[in-house]
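Shown below is the structure under consideration.
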Amino acid sequence: MPESLGVQVLHGPNLNLLGTREPEVYGFATLEQIDHELAALGKEHGVEVQCFQSNHEGALIDRIQEARTWADAILINPGGFTHTSVALRDALLAADLPVVEVHLSNVHAREEFRHRSLVSDIAVGVVCGFGPLSYRLGFEALLGQLRD
Amino acid sequence: MPESLGVQVLHGPNLNLLGTREPEVYGFATLEQIDHELAALGKEHGVEVQCFQSNHEGALIDRIQEARTWADAILINPGGFTHTSVALRDALLAADLPVVEVHLSNVHAREEFRHRSLVSDIAVGVVCGFGPLSYRLGFEALLGQLRD
Amino acid sequence: MPESLGVQVLHGPNLNLLGTREPEVYGFATLEQIDHELAALGKEHGVEVQCFQSNHEGALIDRIQEARTWADAILINPGGFTHTSVALRDALLAADLPVVEVHLSNVHAREEFRHRSLVSDIAVGVVCGFGPLSYRLGFEALLGQLRD
Amino acid sequence: MPESLGVQVLHGPNLNLLGTREPEVYGFATLEQIDHELAALGKEHGVEVQCFQSNHEGALIDRIQEARTWADAILINPGGFTHTSVALRDALLAADLPVVEVHLSNVHAREEFRHRSLVSDIAVGVVCGFGPLSYRLGFEALLGQLRD
Amino acid sequence: MPESLGVQVLHGPNLNLLGTREPEVYGFATLEQIDHELAALGKEHGVEVQCFQSNHEGALIDRIQEARTWADAILINPGGFTHTSVALRDALLAADLPVVEVHLSNVHAREEFRHRSLVSDIAVGVVCGFGPLSYRLGFEALLGQLRD
Amino acid sequence: MPESLGVQVLHGPNLNLLGTREPEVYGFATLEQIDHELAALGKEHGVEVQCFQSNHEGALIDRIQEARTWADAILINPGGFTHTSVALRDALLAADLPVVEVHLSNVHAREEFRHRSLVSDIAVGVVCGFGPLSYRLGFEALLGQLRD
Amino acid sequence: MPESLGVQVLHGPNLNLLGTREPEVYGFATLEQIDHELAALGKEHGVEVQCFQSNHEGALIDRIQEARTWADAILINPGGFTHTSVALRDALLAADLPVVEVHLSNVHAREEFRHRSLVSDIAVGVVCGFGPLSYRLGFEALLGQLRD
Amino acid sequence: MPESLGVQVLHGPNLNLLGTREPEVYGFATLEQIDHELAALGKEHGVEVQCFQSNHEGALIDRIQEARTWADAILINPGGFTHTSVALRDALLAADLPVVEVHLSNVHAREEFRHRSLVSDIAVGVVCGFGPLSYRLGFEALLGQLRD
Amino acid sequence: MPESLGVQVLHGPNLNLLGTREPEVYGFATLEQIDHELAALGKEHGVEVQCFQSNHEGALIDRIQEARTWADAILINPGGFTHTSVALRDALLAADLPVVEVHLSNVHAREEFRHRSLVSDIAVGVVCGFGPLSYRLGFEALLGQLRD
Amino acid sequence: MPESLGVQVLHGPNLNLLGTREPEVYGFATLEQIDHELAALGKEHGVEVQCFQSNHEGALIDRIQEARTWADAILINPGGFTHTSVALRDALLAADLPVVEVHLSNVHAREEFRHRSLVSDIAVGVVCGFGPLSYRLGFEALLGQLRD
Amino acid sequence: MPESLGVQVLHGPNLNLLGTREPEVYGFATLEQIDHELAALGKEHGVEVQCFQSNHEGALIDRIQEARTWADAILINPGGFTHTSVALRDALLAADLPVVEVHLSNVHAREEFRHRSLVSDIAVGVVCGFGPLSYRLGFEALLGQLRD
Amino acid sequence: MPESLGVQVLHGPNLNLLGTREPEVYGFATLEQIDHELAALGKEHGVEVQCFQSNHEGALIDRIQEARTWADAILINPGGFTHTSVALRDALLAADLPVVEVHLSNVHAREEFRHRSLVSDIAVGVVCGFGPLSYRLGFEALLGQLRD
């Protein structure tokens, strides 16, 4: 795995609130801390990590399109867009990069409409339910994928 | 009910056209007039009212997140996002404020896909079908809610 | 709006228990008090208000048929019949009067089978979720409707 | 279990025909005999038993509402209302008494629309398929419930 | 066909309004006139005809149960109960008499929920869509049935 | 009603077997006899009656198209095509003539897939379940329709 | 009822944990105690009772097949197999013995997938929701069945 | 057709990648080239053509609203929003201009969720499956529409 | 593109009525005129065009089978067979020629059952909603396809 | 089994192409060869075999009706009509002969709409997936059936 | 076809009862006789045949896994597991051998839940409805398959 | 986290084939190697790891029940039982231990019936799609869970 590998980390809507909202549920880690941890982890493995959060579907799509020019993989928590955005799916398909989907909460234990993901079947795999740890495990999975 | 109460009023996509489009259906009131009336009503009850319309889902979510810092309740007409936006729902859930949902038209008498709302079950209640009056009634309901 | 206007208020099954059952949920207002408030509100606006509650679907239909002879509008909380009574719907259709549907609770946040209403699409509009206040708001909406 | 316990037994539509209709299917026991047996059984256990049959949904609801004032439990065979009456369900919910649901026939072996019960999930339990014996078993279950 | 034949004619909810409501749709014939015509037709064929209308499901069921003691067949327009009343269906099943179902309007050309009838599959046959003529044709069909 | 009125009677697939197949079910009347009776009935009322049976969907459509040039109404038993032929429906729509649909058997009491008719909602009305009598009643209904 | 009657009692997967798991929900009775009570009850009525529990679907099927050689009826709580095992259903069908289905909990008040039983429609009847008492009532029902 | 006619061409999310992504599938034409061809075609017919692409739903809605002030028709390839955006549909409805929907790929031959379009039923017509040619054909259809 | 190219144009049931039926909807163009225009267009591009209409599914299938021997592509408006004929689909699959599907009306804006096409997913693409123009656009698309 | 036994073999639409289309999939056997083999097999067992193929549903129905007069069983590969033709099903039902259904391909491994057969439940049994061999096995099954 | 070919024959739950249960339905052949016939048939064609029946899903899976080491094909009647066992399907997929599925009864003519098979789409083909003969025909099909 | 922690690792049906079957898909790692890696990982963190694979649903349930007596958490790949075994789910519920569900393949990208898991909503979280790595990530997640 060459040093020049790059990973685009994407956080969907409302994830900017992490750590400040219901810490007893989601833990006290903020998105900033998660991004920091992923960057450190990347550094350790010689992988450049870029993180981006937006509540705007279009902004996430723009960023995915840019990722085609520099990144080797995408780690995404599409938040609420997971279940509704065909456009995001199309952007990921067009990017033609390995994608790992992560969720903080266990979506299978929530409302019926959260059981359908428009991303899962085009991702390499999915990690969900482990809070901030989901990100780290997903990142490790991505590294494993890139190493193959 | 202390004077310092605040209500964020949110209008979803296409509601900026109100009054200029099909006035025989929606009446001649513009969104500006509705906002004005709500502000006046708020003043009367010692409630600060902030109004915001956008065709951008992300912009509405941003505003809902801000509302957490100053508002005590949200009055929202999510327009077309009512039926499709899990992200908006998540923002409202995260805001953890009482929400009242209003619609100008009677959504139950329209297309099948308008019968499902992703907001209704997390709102205090719903008012729909009465044109601009829906807003005023929803606002009264919100006041009643805040008074309890 | 002439003084001779009349409104038939109808309460479906089990609403006679209001105020005596789960007051922490539904408030302490009894159906009598609600009827009294609506009558007072009507008087204020020169509208005759007749209230009627029954656990019998047929009795409610009989009353709707009579309303055709004297009332100008119907305010109805169909209770459990909301979701099951085509006959009630037909009576309302035959009455050919503006109808406003109200509910004490937020039906959208309850069992799946309460999400379908056989009345909503033939009503002018719907108010739900605000407890006894739903009635007053629905009444105001009806006045607005009659004024047009 | 104090002697003053009371049980309201309710029979839904068409159950008054019992014993006179298709005796080879439903047995020769009439509703009168069943009521008599339950009363005797109640006496034996110091429980007052009141029985009531009606083809009128409203009359059954009225009776359930009255039961709140004197009875400690309800034994009900809702007949055809089992599958269609939200109003009956609401009355039982409002009564806030333990309910046992019984059926003469095995509803699971009949038409598709008889597989859904609007009562079962709010009952303590269900007994079905054993003819008149269903009532006695249901009554025993209710006694067991009251004894706990 | 012996002279002593009897037919119970039953009209469900809202049919009492016939002739006074939307005559351009349903024609100017009142229910009284229809009953009169059926009685005359019956007399012509030596058949006693008893007509009954009610907005109360229970009252219709009571009447069906009585019909078992004197009538040889039932002609029924269940109105709105067609689509919702399992209890009515059960009463007709228990009566064990040939049933013909009639409708003034063409239920197949109306709302989706009117396409399901709980009576049709236990009736001999169905006539719908021909206004008051539906009754006469249904009656003829019943005579044909009794003659066999 | 002028003498020159004409009715096209159409019988769908397999109806040519009538009378020779399962007479204990469908009676001993042949299609020829039914056609003869309808012709006689037509003559009585000054209506020209043309009858046509085919197992070929296309042949029935051809005939419906021709009917536009001479007939005033169509009486059709589409047989198995009732549930599957959009083309037949389109032909009837294009003919722009009043249509009455008849069935020998009670389709509502048969297989699930026979409960959907592609003709019923564009017909004036439907008669089913009375064997050959269904035709005569349907014809009378058509006459009533033409008289209006 | 001859003394030689025999009843096979079958307990499905996880029921061996009874009494040791969530006693506040399921009571303190162990499966052993239930089996003992049923055996005693059987003795009282001259019925041989054999009890068997297994977490293995195949072992239960084997036992049902053996029951054909000596038992007169089967009392079964299929546990989780209730909703998924066609093979168990087939074994019961092949055994050609009267079957009574019992459940400790009220399956109708639990997850959606527990509402479908592959056993209920081939059983004589069902008892559910009464904890260990369900077994005794089911056993009584079976005795009633055998006595007929 | 006056020279002053105007057409707003809209491209939904990810269409900016055209020509650079999977050229063997979508051809080598870039969006720029398509826009250029449409502008030339427009010039030829005296029609002003404005083209706009965005990955932001809100931006597309804004543009549709502006189109009301100058354009006579809309040619739109809504991309992934086709299947999910009620807000876009509402904007098109509010614009009250003839709309033609085009797709590069044959959406009917792709994933199930691409078979539902929220635009098709409010469009004049649809062209899909012909790559960049779809746009030109759609444009011709629009001209034909404007000429009528 | 060699001169010897051939296109089979196929019109399904009822399309022979074009121009004579509801001209305000479908325009005054007859099928003959459409066929003539397509033939002229073909001549212009050195393509032999053969047109065929039938109300008989089998006749259309026969013609598709023949097309395998001389044609290079098929342009088809399957009319009502679009939604129901697996046999037609199979014939097109067996022909193994590029297919373009056209419709005069916008099928997406009509009855639910017209939303499913058994041809679309095996066609190159679809054009619908533009009246006779749909044919010409579909033909152009086919030429484009053959040129590739 | 008397020598005079007869079997009608029927091939549905597009089966005439067998052997000439996709031989790598369906093998090189033509329909003629299959018919020949079945005839030879029939001769061997003293059974007259008549084979018939048509792309016309009506022609197949006609032939089934004729088969009633001379054949003792029907072997049918209904091709695309399998999934859509109620009329064919009705013809087979009316023929009242044992039917065996065969398919060259494994319909269960193909499109969803091929999983439903309107013939299977009225057939003795089904053989599918073995190419031309399916016919021979189906024929053997039919012989076995006739021998019983 | 070399002599060393081997076929694993598998019988699912309850098939061990064959011949002793409902012989009028399933015939008098026992499973032993069927196994014997298949072994003889195999010998005739130089194929080793191993037969195995179990009521235990796991035992069947174990055997399928073993078959990978010696058999060339699998003939399976999965009985009740047909409709429910993803694990069995997975074992067959992993075995990577040609599979033929057989059933004694015509599953298409039985309960709705028997219409779905988890095996059919991964099998070469299916034979059902011919009693013990289904096995022999399925075996012949397998031989044909191995010969190719 | 005390040294005495224990984790039960469970592998469902067919997972014993890992490494020997389709190594290009699942990798060359055998189940033995995975178990070994997990044990080593456990040792490193002072966690006792017990691994168990079975093709028998009952054996897995037995093991889960035993785990209640010594383990602190369960790591499970239920294989094909994921989608069908309510009994397994019940065992996990009864064990009342934190559960992590893992899958080698991405179940969301496979057959429809693999999209439903009966385990996911009662698990802490899910990891799928990363081959043998899924196990290690799931184990890490479990450690994280135990540490909280």
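In order of appearance the chains are A, B, C, D, E, F, G, H, I, J, K and L, and numbering begins at 1 in each one.
Definition applied: a residue touches a chain if its C-beta (ideal position, glycine included) is under 8 Å from a C-beta of that chain, and two chains touch if they have at least 3 such contacts.
Predicted, not measured: the structure shown is a model, and the values here were computed from it.
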{"item": "Each chain counted as touching subunit D and subunit L at once", "value": "G"}
{"item": "Shared chain contacts [subunit C and subunit E, defined touch]", "value": "D"}
{"item": "Starting at subunit F, fewest touch steps before arriving at subunit J", "value": "1"}
{"item": "Repeated interface matching C-E, over half of the contact pairs identical, chosen among A-L, E-F or F-J", "value": "F-J"}
{"item": "Cα-superposition angle relating the copies subunit K and subunit I, to nearest 5°", "value": "120"}
{"item": "CA centroid of subunit J to CA centroid of subunit L, Å", "value": "49"}
{"item": "Interchain centroid distance [CA atoms averaged], subunit G/subunit H, Å", "value": "64"}
{"item": "Centre-of-Cα separation between subunit G and subunit D, whole angstrom", "value": "24"}
{"item": "Sites on subunit C at which at least two other chains make contact", "value": "56-59, 84"}
{"item": "Complete list of chain pairs which touch one another", "value": "A-B, A-H, A-L, B-C, B-H, C-D, C-E, D-E, D-G, E-F, F-I, F-J, G-K, G-L, H-I, I-J, J-K, K-L"}
{"item": "Residues of subunit B touching subunit C in the complex", "value": "106, 108-109, 117, 120-130, 133-134, 137, 140-141, 144-145"}
{"item": "In the complex with subunit C, residue positions of subunit D that touch it", "value": "56-59, 61-62, 65, 84-91, 94, 96, 118"}
{"item": "Residues on subunit I engaged by subunit F in the complex (per definition of touch)", "value": "12-14, 16-17, 21, 54-59, 79-84, 113-114"}
